[in-house]
Amino acid sequence: MAEEFEPKIVAFLCKWCSSAGSDLAGVSRMEYPYNVVPITVMCSGSISPLYILSAFSRGADGVLVSGCHPGDCHYIKGNFYARRRIALINKLLDFIGLEPQRFQMSWVSAAEGTKYTEIIKDFVKELKPLGPQTKLGRDL
Amino acid sequence: MKRTGVFICHCGINIAGTVDVKKVAKELSNHTGVVHSEEYIYMCSDPGQNLIIEAIKENQLDSVVVACCSPTLHETTFRNTVKSAGINPFQCEIANIREQCSWVHKDMEKATEKAIKLTKSAVERVHRNESLDPISIPVTRRALVVGGGIAGIQSALDLANSGYEVILVERSPSIGGHMIQLSETFPTLDCSQCILTPKMVEVSKHPKIKLLTYSEIQDISGYVGNFKVKILKKPTYVDPDKCTLCDECTKVCPVVVPNEFDLGLTGRRAVYMPFPQAIPATYTLDIKSCPGLLPIACGKCADVCEPEAIDYDMKPEIVEEEVGAIIVATGFDLYDKELMAEYGHGKYADVLDGLQFERLCSASGPTTGKILRPSDHKEPKEVVFIQCVGSRDPELHCAYCSKICCMYTAKHAMLYKHHVPDGQAYIFYIDIRSGGKGYEEFVQRAVEEDGALYLRGKVSKIFEDKGKIKVWGVDTLSGKDIEIDADMVVLATAMRPSEGAEELAKKLKIALDKDGFLSEAHPKLRPVESVTPGMFLAGAAQAPKDIPEAVAQASGAAAKAIAILSQERLFHAPTVAKVNVNLCTGCGMCVHVCPYDSLSLKDGKAEVNEVLCEGCGTCSATCLRAAIEVKNLTPLQVNEMIGASLGG
Amino acid sequence: MQKVLTKKSLPQWVKKLLSYTIYTPVEEDDHWNFVATDNPEDINLDYPLTTLSPKKIIFPQREIFLEFCDSTEGNPEVKEVLPAEKSAVIFGVRPCDAKALTFTDKVFGGDFKDIYYWKRRNQTTLVGISCNTPPYTNCFCVSVNGSPYSKEGLDILLTDLGDKYFVETYTKKGEKLLNLAKGLFKSPTAKDKKDLEKIRIDSKKKIKRQIKNIKKIPPKLKEMFDSPFWDEESMSCLRCGICTYLCPTCHCFDINDEITSSSPIKGKRIRTWDTCQFPDFTMHSSGHNPRPDKASRLRQRILHKFLYFVDRYQNYQCTGCGRCISLCPVGIDLLEVLDKVRDYGS
Amino acid sequence: MVSLEDLKKEAKQILKENKVKYIIGYKKSTNGLMPVPAFIKEPEEVEKLVWDPTCVFNLTRYLVDEKRRKTKEKEPDERPVGLVVKGCDSRAINILLQEKFINREDVYLLGVSCENTGVLDEKKLTKKIKGEKVKKVEFDEKDNFIITTQEGKTKIPAKEILANRCLECKANFPVIYDVLLGEKAKRSIDNPFESIEKIESLSTEERWTFWKKQLDKCIRCYACRSVCPMCYCDECVADTISFAVTADTTAEEKAQKIKWVEKSPVSSENFIYHMVRAIHLAGRCIDCGECERACPLDIPLRFLNRKLEKEAKELFGFEAGFDPDQPSLISCFKDEDPEDFIR
Amino acid sequence: MDPNTYIPKLAKITHIKEEVGGARPIKTFRTQFFENNNFSFKCGQCAMLSVFGKGESMISISSTPLIKDYLQFSILKMGRVTSSLHEKQVEDIIGIRGPYGNGFPVEKWKRKNLIFIGGGIGLAPIWSVLNTALGKREDYGDLTLIYGARTSKDLVFKEELEELRKKMTVHLSVDVEEPDWKEFVGFVPQNVLDKKPSPKNAIAVTCGPPIMIKFVIKALEDLGFKDEQIYTTVENKMKCGVGKCGKCNIGIHYVCQDGPVYSWAELKKLPQEY
């Protein structure tokens, strides 16, 4: 039997909420799939659409962007800017025909270890049937 | 190419139990730019740290990655370690292979693979880290306290008594806040005014405290250690220096408006003193209710004022102050009665809220301490107290618990019984929360000594019928329907952030939580700090709390402020934004998005005020030209980290 | 060798050539392009002009030179990557585009032969089609020593005689293609030859656009290097790469390493087209740029084609295809510029 | 009706009065149907100016060149540049003002209204008239163009030869100008995003197939960004070389230029390039359609920008280029911005 | 079949010397090929150095062809490739292809006096000719070096220059005054005018920043040098090294093949696009 496809996910997590929330998942020993590799950034507002495109270009099967809930931003309003920016890139990715499941955004607070766990579990579950992302992957 | 050392911590079996640390070390030793790679059982231990120091010296390392637990735990530890070995602390990065890896995965092979990616990602980042030195800034050694309630008073006094100048700004004509309205306080039942007024007097007399009442914060700029504050001093139209407190003016004033101090149970004139012990002790002409100054429509008060203290030409004044730290103690308001129509509050005169009942009980109150119905001035014989009005009701009102209502309702029941020994107090409650020193005993006393009847359940209907307030409810313990013909109903309404707190928070750039209270920097470890450096929180502005808690937090905030003010210079994280002027076109989009006003345009190029910048990087993601980036987490670094995270 | 081939037999001939990769002009969204096909019926010789010339097959926009892998252990591995060995036939090559290849032949030849170019060049047979009517509004091949039935660079030239093609072979490669389907080709009759002559004379006449006195242009250009003329003429230029990328004679390129992994370093060294119209083309890494503005870049393009190349290889580096004129997004008209050059100062 | 004579008169006047450095307008081409950009310096040259529905170019792009030239000059001529702008072009002016790329006093805008029509699509027109030389293009006010060729007059319904963008245009007259020629004609577009909706209605895989086929054609001649008035960056993030280099630029800085996009014109890189361009134009693209027109391979690039224009409108109520004082799309937010896509 | 000119041969770095530190560092590298070291070149020629993953850079060979054991390159850290070359260590492997270009016509210069005039990193190509001349000392007349840099720290081959004084005339200069500097202070062209080399039977070879070359040539002309007596090198962007990619094209020349060495007489005929 062929080995099951294991998607590669890059998760951009803001330092104060989502990264702390995912740490909490760790502290609470909540198990979730290993497919995700997190990159902690200061604020979801600092996530440039270029990062997302770069991740897909370098072969990510899925990309997650996660920040503080609206109103909870450590930097007051960074996540509001992120929400706009990410909405646009999300629409664009969908428009060019990337499977919508491959790009997700979430609000995960420092207390939501469980939510983070659930998000990753569901993400992996949704990505598996899609197989590898080859549309934007760099093929030089 | 940098010479990087990689150190992988076993964390006992916490990491090594799931991650093949030897394999990680081996894989990393082959990574470009890594000249040393080893693992050890506890990197954070003294021997572990020494191992890093030794390796740095032996291999002339110029950068270090420690693969261990979350950077929130030991980043500082290891940065200090490398510093002691002569490397700039910013040349050390942490790969979190515990919380993000070993603790959440079981399959050793896969977890090891992920740990390698995480560590490589940190290596790629550290390869491009700049050596940075903290940014040093001078400190203005004065403080601002916003809000003159008990929390603000306590903070101001603590600061002043430590030798720092304080500017205390209060929006109403007198300090004292809600505490000065209370009759007695739980659990000791000592007189609220008696314990507060000495502090208020101390504030007014303190040489280090500059008190600005009837004043509001208009604008704030600057940063920790160096805030510039603009305070709007509203005109009182009464010169306090001339006023002799003769009270002639109020006698002639033709206007009567509800008295805020008595929560509308009494009236006051347009020119008034809020309450007898008001600090500052002076009169205020309330311009909103005065028939009009320009042109003078009435002028009676001025006519009778012998010392000519009434000054209709008084203008708003902007006071500018420079301070190093700010304590926000803007307190609370009670939940708007308009929103609580189902309890008949505001509709039936004898349905009161907790604060109104305090005034009824107070010797200085409208009834001089007699508990009488507002409607007919009769002594109520049956009083229903209802807890959790507006609190703990996520569907319709506030989701949170207002925390103090259980205690003050018990106090109210007790005070009522003391005033009306033949009366009966009924208390509807969901459950009783009486955590706190002497609190549980206090509630028991209300039940046992003062016969308060606790009914577990919710009130379903309140309506007036033949001079009685009918209260229908259910006792969920017995399952029986309850109907009480009450003479008075007292609602323990929810505490809300005080009106205007949101607007102030925006000016101060302090985040609000979902309920509108001011957000602390960390719920456990930094409960009195706001997310904005140099700004601290005290009292009910942050969350519902009782007097001792408010006072404790106020002192805590003062201590935190003193920690800043006691230093000559402060140090600010140097991981701030920097502009590539060659690429910047001066479009100003970054200036627009910066939450800290740290960016500005100068000669058509963006410029960073490093002291204000918190390094969030929103500017960098906004810039279309990649002309601005945050040091040590640049797009190049993130891009390389993406590559490493995907195993290439 | 001269033959005739009935139009109906064309697919049959192509069928015999299926061991080759076969390219033919195909219409896609309003423009024509050379596309590989294995269906003989797809061959279309009645088309205007492809947007990109067959240069893109011989000298593809992207060519992998080598693959490398450099880990921290051991020596870097470098692997030469050569074009696949596969003979190809391009049908429907316009004479101007074929002639252009004779210029790139010169550039990619010389002391250092470009083996990537020559491998593709040598394994490709070019089957041309005469332009009985100008395929493009801006055709001017006649002005630059070309003709609508030029054989330069071609292995075979077909001329449409109505129901058949007049077939001429000029090389062994061309003859080989005919020999694969000997039976289909007949010897031309006298009438065929006469028809051919007539069509050819007519076809030249039909070309409307031209440069008068082109010989005067190179000496004029030599004097005009420092002229403000270039500033004026380049005002509307956008510094895009259309004129050069679409030019069948332009050959400039860039070489870059493109990596797929940074540790170990894995990647490819890749040649891509480049153009003198891009500002970074000549920019030194110090930031110094010998051709810093649009004016100097437009001048370079014109001078290279109508002066330097002439001096070096005794030919204009232009075959009169007209692509740069028709597709310039701001309507810069090469012929108008050259007219102005010729008349400049007089 | 825009009168060419009025335009010439105005142009002549401002040149005579030395009010402007020069005027960027349209003149007849020596070749092809469409007029070409004209840079008029002398009052007598004004006669060259033309204006009719074949004036497709967005001339605001030349303000980028003008600014580059000006920064190099030691004593720059501070007079404004005269510029002929259509409705869509004028929105570009607003964006350039919004982004402080130009100051209002840098330009003297000769606004021309498209009134009830728009500009022609060269390719559509060529097909209709099959190689004949066009002598005159008029609009008969009844949704038809009258095309005069040597063969005589032909009447063609506007819808059949108007540029695609004009069929969905919301700015048929200039929104900012110093002089306005023609009427501020009201007109209604049934569905301004009709073309986009067609693609949106495809399935994900169909959309992918569509775009893959289109973007695989790209030869990275960069005409799309060269012709775009919004692509005025000195150094594009899609470039692999550092452009904005001074003597102080360190070798590291140059060496560390990120390669978001490789130079190879392969599918993945073409996609990233065009998506980066689209995302950078979000809230800035004013739908002048120049990228699509300039593309030698007819890639429908306008759809990418148009899609984000649609989303900006629908999600955030944002329309670019109508108000130079509003913050740009991604440097502002509303509390109620949609977040239904966020978990 | 013709060799594939684009494929570099692997070579090991055998020696690295830091010549200049600071913000514009220069390092000298010596390399040896893996397989047969027979790489014959003429002085003044260049080679294309590869760092895999970064690209290629055209660097002039600063060693003399008389030495067969190694190739020497002195490299100023400038961009992507040179930066990564600067990160290389001894034993690291790079790619080299070449040699490219015309080289100095040293054979024609026999029995002439040679004056070398260099600025900064411009000494690198001169170094090759200079050492060739020194190696065949009897073939040439007087040898003079006039060399300068911004500061004494920016001079390359500092130790070698001291050795050189024993064999030929060496005039050094720095742009601005500095303590302990006993030689000329000022720009190289001024030093040329100060030292007044004689044009008689002489060839002047100058190399350095474009602005320096311009004024050196002017100074030499003032001293009576004829156009044919002045040689310099042109440094244009190069990618292929074999006259095809078009980047270094000036007029009918491709600098990588037809240059980089030009006499002033030849260079004058070319458009000023370098």
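Per-chain residue numbering starts at 1, and chain names A, B, C, D and E are given in the order in which the chains are listed.
Assume contacts are C-beta pairs under 8 Å (C-beta built on N, C-alpha and C of every residue); 3 or more make two chains touch, one makes a residue touch a chain.
Model, not experiment: these values are computed from the prediction.
Peer 1: Of the pairs A-D and B-D, which shows more C-beta pairs in contact?
Peer 2: A-D
Peer 1: Please identify the chain with the largest separation between its CA centroid and the CA centroid of chain B.
Peer 2: Max centre-to-centre separation from chain B belongs to C.
Peer 1: Could you say which chain's mean Cα position falls nearest to the mean Cα position of the entire protein shown?
Peer 2: A
Peer 1: Using each chain's Cα centroid, which is most distant from the centroid of chain A?
Peer 2: Ranked by distance of C-alpha centres from chain A, the top chain is E.
Peer 1: Just curious, how far off is chain D from chain B if you go by their C-alpha centres, in Å?
Peer 2: Roughly 50 Å separates the two chain centres.
Peer 1: Chain C to chain D: how many Å between their CA centres?
Peer 2: About 31 Å separates the centre of chain C from that of chain D.
Peer 1: So, what's the distance in Å between the C-alpha centres of chain C and chain A?
Peer 2: That gives a centre separation of 47 Å.
Peer 1: What are the residue numbers in chain E that touch two or more other chains?
Peer 2: Within chain E, the residues that touch at least two other chains are 54, 78-80, 82, 84.
Peer 1: Mind pulling the chain B residues that touch 2 or more other chains?
Peer 2: Residues 593, 622, 635, 639, 643, 648 of chain B touch two or more partner chains.
Peer 1: Give the residues of chain C that touch two or more other chains, as numbers and ranges in rising order.
Peer 2: Chain C, residues with two or more chain partners: 254, 256, 258, 260, 262, 265, 267, 270, 283, 285-286.
Peer 1: Once bound in the complex, which stretches of chain D touch chain C?
Peer 2: Those residues of chain D that touch chain C are 29-32, 34-37, 39, 57, 61-62, 65, 123, 131, 217, 219-223, 226-227, 239-241, 243, 245-247, 249, 254, 259, 262-266, 290, 293-294, 296-298.
Peer 1: Please output the residues of chain D touching chain E within their complex, sorted ascending.
Peer 2: 242, 250-252, 254-255, 257
Peer 1: Going by the contact rule at the top, pick out the chain A residues touching chain C in the complex.
Peer 2: Touch list, chain A to chain C: 138, 140.
Peer 1: Touching chain B in the complex: which residues of chain D?
Peer 2: 99-101, 232-235, 237, 244-246, 249, 253, 256, 258, 260, 280, 327-328, 330-332
Peer 1: Inside the complex, what are the residues of chain C that reach chain B?
Peer 2: Touching chain B: residues 71-73, 260-266 of chain C.
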